[in-house]
């Protein structure tokens, strides 16, 4: 028990250490590399910070919308009256998942015009599925006997949902949310194609102008950000996992 | 390997026209590259078709994102052929600061430098695809009937909004030096603050400008959408931009092996006038045709190639 | 839209085939790699855990960032696309192969050994066939995922339908640009469906009745 | 519910109330045959009624209709005199204990929270809940200090099951419903839990309805056993003794399985049969004296007891002849059974002892008499005779509806008062 | 292995070979105590030896060292006279049958492929494999036409187990190792499978080493039972009869558990005890005639048999008195046991019959005699007497090494020839 818990924490510590080490390596590399004026210009600390903030804004706003949308819908879809829609909706969503993210983002730009909002909506569409699916799976995998036990001792359906089903579904739901967040970080890099901001611009600029340093910095920062978000997600999962399961 | 080819590698099948198979080629491989905007795609396809007609097995590496990567490919010999602009080479690659007004001299200047870089410039075309700032016509009046770039400085700061591509945003012949040239400072509160500059994909600038996402879009003068979207072009009244005549650039080693290539492209270059390019670009950008077909039709109509037997 | 499709039929067909071919070839490579890796690690708990972490962390790396990183040393064209697609395709298969192989009941492995099968023979004749449905599930997950990644790889001039999306983007506002993007997006979805069906069919053909669920 | 607990029932200690299923039918949507077909069944207050029958016969459905986890399609259910068919289901259930396999404990709550959950819903204050939790943990033989704050996954299967029972008893409901409560624990723990349930019941006298698929469990726990066939058709509803002695038909016989005779032995305790007299000697006595007493009584053996009357030797006449004085060395192989042991245990002891008989001890291991095979055979015969006469206060149990005709045809007739 | 099958063993039918564990020790890395400590044990050819003991005592480890699934740390293992400690493990195992829970069947192969897998590895041709598969399926009572092409998940647990046995027998190995082979099947199937194993063994006379945690199974199947304690310390190695009658120490007693007496009853069959005579009548006879014959013989009952000598009624003197002529209506409650039944079955029948006795029938249900409780008690006493004498050909079994001292201290002494 205690041992497995420590093992899990150890993994988390390693992951964070790895991320920090990679970040430090990047910083040291940037400080020691010979940079052209253009590179210096693009990689100025406040510019970098600005891109990162934009990237996080995109990611987090989309995440909030996704959570606000997917969790209630996921819950509703597991309630008896709507249960029969579960299959079709998941099937539809699964097909949707195969849609390439770039394509979705670009299509939204057609519809909503360029910029932040098109990017946000694209991200939301892209990340809704994992959260929705995990919410449903999480609720479905709750041992029906526990639901029955709850009902059997006189809890109302709502009480059972909030006191039994949701707490027990939390681990699965959180892992869906983590997956979604990580997807969001990665996909937000594509926002640059439609002037949505974020760190993706470093990658496109790096490629377009053959500025390897910029390209690598952009790519590594996006990857590290994804790993960091993943790490945060894992920590939350770890802390929020109800004791006893 | 394994039958996989780059994304935009498709070209229609063709038969020889005035370009005929070069003896001794026998399906030797030739890699053509191009940048990733319409004119370059069409030119790239023209090169691919021409080389195919000349008997080469063409590896189509067109649609490379950005001038620098394309230049890199040909410098390193990964590609054998690229349509390049004299002004771009002169200012961006060769680091020169002042352009040469005479177009032929400009060509000669870049030829002389690049010959030492293992590249050989072929005959230039008459067309000149320079940068310009486009304004949606409806907005001209709001902006005080602006017609020249020197009037930019007179506009209130919040009206000095620009849509540019990543490349233009940081080129030596791009946005910042241009603004400087017209007395504005990029990033300064009383010049052009950063938030006034939106970065778009090269081809996306036109509709962004037209939809009012910014007042001034960085446009290419041979682009068909300037007319189609009714954009007004500001005059480069202080002469910032050089001449950008396009010419085929060969990897010299390849050219030495197949000197006939030079003649093949010498046939084509003279036909590439501003009008021709504008109409070809228009077919793609406005009429929605595919660069490969547009190039094919044009080559056919010029008699360079024919339909397949 | 129909005009668009009709006029470019051969081009769309060509790109679709390229896309499909890229994904399938990379999947094959990835499956091979993943199974070999899994066969090397599944007997050890700690190595399996490492493989799982690699798979989990690998999947968090944004594909676009990864493509960007590859352009620097490798350049444009088919190769970076193949590397990216294979990399991402390997991860889910690896995870499932480890799960599948270590999920084979120890009693079955023991009885294979008990009737005189060598270790390698046990792996080949007993463990892999039994783990196969789980591995194949991983392949299906990979297939869906890398279909989209292959589209992004068109940025580095990788083969396939991504080209339609990027050229639609570069002509945005012009005629047929929407059609072009739609062709790319829908084409990828259709290919994903087809491939998934094929994989399901493959699963039916290659899974003996005894271990079908 | 709370008023109904004060219903007037024969004995004061009985806190359970009676339950009546009144021509209850349950049809599941999309199911051709009803899962429960016109079942009428009386469950006496303070008794344990075991529902057994083949898988899918409707045991669980019947049970769950009592607390309306499943709504009956027809018929009414009366608990403690009140028709509960119309009342709010959640409230109803708060007044009925419900125990399922592995306790159905909430894994994310501690033992204390699990147990306290119904009292909390009923609005008890914290101190009262805490006190009740401890009291219940004591009742199910778990040290509160040790177990209060554990999570279910930190308990063994048997301990989980106990906590499940404690939770069901939390609000002191008059009725306890159990669905295969000991299905998931190992056989040894299972026996212990059954004993514990019996001793708890002895104290609390609830009305317990319990589903099981283990006939031996039904025999052991049940005051009454209801044997169902498909559609909750009541094939026999009777005491364990009568079901063993007089199975209503072949279906029941098959259900009882082989060894009905030996099973009957488990129903009677040594204390309930007449024991044989024995000649008793004490250490230090002269063997000859004891021998003569035995001969006079016509016995083949004499029992030697220590100063506290505990048997230490069992000597045959031949052994007595060879002895001078009686020693006080206890014989380790002495065949002894307690008077609370079942006849089955006694028979087993006799068989090993090779004496064909066993010594019976009572409280503080004091010698009480001798039991032999003859005694056991007689007891069985008597029990069977007694079982042949149906008890007068047998509860009602019958089926109407689609199954009735079939029931009558195959069953002879269902038990009726 | 193949040569060793021709080893000279007493009887020609015995195809099994003897096995000798020679001071074998197994130490698992990272484990303080050895799992098997200096075990020496002889397994006679053609016999079934059952290994029992508490969980983790080293039964499985001992078993697996015989086919070298686990390599012994020390000591040598001799199978059929050959030291196998050095030979190629895979080859060794191809010559030893191995059966585990649920058969350990490969789920992705058909029954035929599963059974044929060892012959295939041995390079048999297809026709021979197919013939062998069918022969084996017949042997384990499965219709080849029906079951050959099924997959394991299309079989019941018991059928899977049979296929497992068939597979183990495929290459006709002289030795069969089984690790809790019937652990995963339900009790009834289990009994059938055990009977089947016994009848297969009667025919094949393999050497079978079988691990079980069910002492009753060990008693039923074993020619010899080895009772292990932690570290594979041999606490007792003896026949079932002797272990039941003379448990070596308290550990063994605990292991046997309660009901040793009743268990002993399962070791003896009705056919093996002396039956009581009975007065026999036929339908149609005058009741008075039968009555007088019974009174002359001093019996309280008379048995009525039909024209094929099958018992149909069992009448008391009182019943005879009231009758005119004997009818031919069979009494459905007649207490009858077959002569192959165990004494346990007989006792059970008697108990239910309330007559205190049962009628024994032989082949074709012909009446053979009467058995009563007295007969059973006598039989037990006799069996216990016989068991007290140790058989001369008992196989060797002892421990050396770290556990020896402890063993001697707690065990008295291990069995020795």
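Labels for the chains are A, B, C, D and E, by order of writing; each one numbers its residues from 1.
By definition in this document, contacts are C-beta pairs under 8 Å (C-beta built on N, C-alpha and C of every residue); 3 or more make two chains touch, one makes a residue touch a chain.
Given the structure is predicted, the values throughout are model-derived calculations rather than measurements.
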| item | value |
| --- | --- |
| If a chain touches subunit B and subunit E alike, it appears here | C |
| Chain whose average C-alpha position is farthest from subunit C's own | D |
| Centre distance in Å when subunit C and subunit E are each reduced to the mean of their C-alpha atoms | 55 |
| Inter-chain centre distance, subunit A versus subunit E - centres from mean C-alpha coordinates, in Å | 62 |
| Whole-Å separation of chain centres (CA-atom averages), subunit C against subunit D | 60 |
| Interchain centroid distance [CA atoms averaged], subunit A/subunit C, Å | 21 |
| Two or more partner chains touched - positions in subunit C | 71, 155, 162, 166, 169, 172, 177 |
| In subunit A, residues with contacts to at least two other chains | 109, 193-194, 207 |
| Set of subunit B residues in contact with two or more other chains | 65, 69, 72, 201, 204, 208, 211 |
| Complete list of chain pairs which touch one another | A-B, A-C, A-D, B-C, C-E, D-E |
| Contact footprint of subunit D on subunit A as seen in their complex | 1, 145-146, 148-156, 159, 163-164, 167-168, 242-245 |
| Subunit A contact footprint on subunit D (complex, rising order) | 67, 69, 90-95, 98, 100-102, 104-110, 117-118, 121, 151-154, 167-168, 177 |
| Residue ranges of subunit C touching subunit B (in the complex, touch as defined) | 4, 7-8, 10-11, 14-15, 18, 21-22, 25, 71, 75-78, 81-82, 154-155, 157-160, 162-163, 166-167, 169-177, 179-180 |
| Residue ranges of subunit D touching subunit E (in the complex, touch as defined) | 258-262, 264-265, 345, 347-354, 356, 373, 377, 380-381, 384 |
| Subunit B residues touching subunit C - in the complex, by the definition given at the top | 1-10, 12, 36-38, 41, 61, 63-65, 69, 72-73, 78, 201-204, 206-208, 210-211, 225, 228-229, 284-293 |
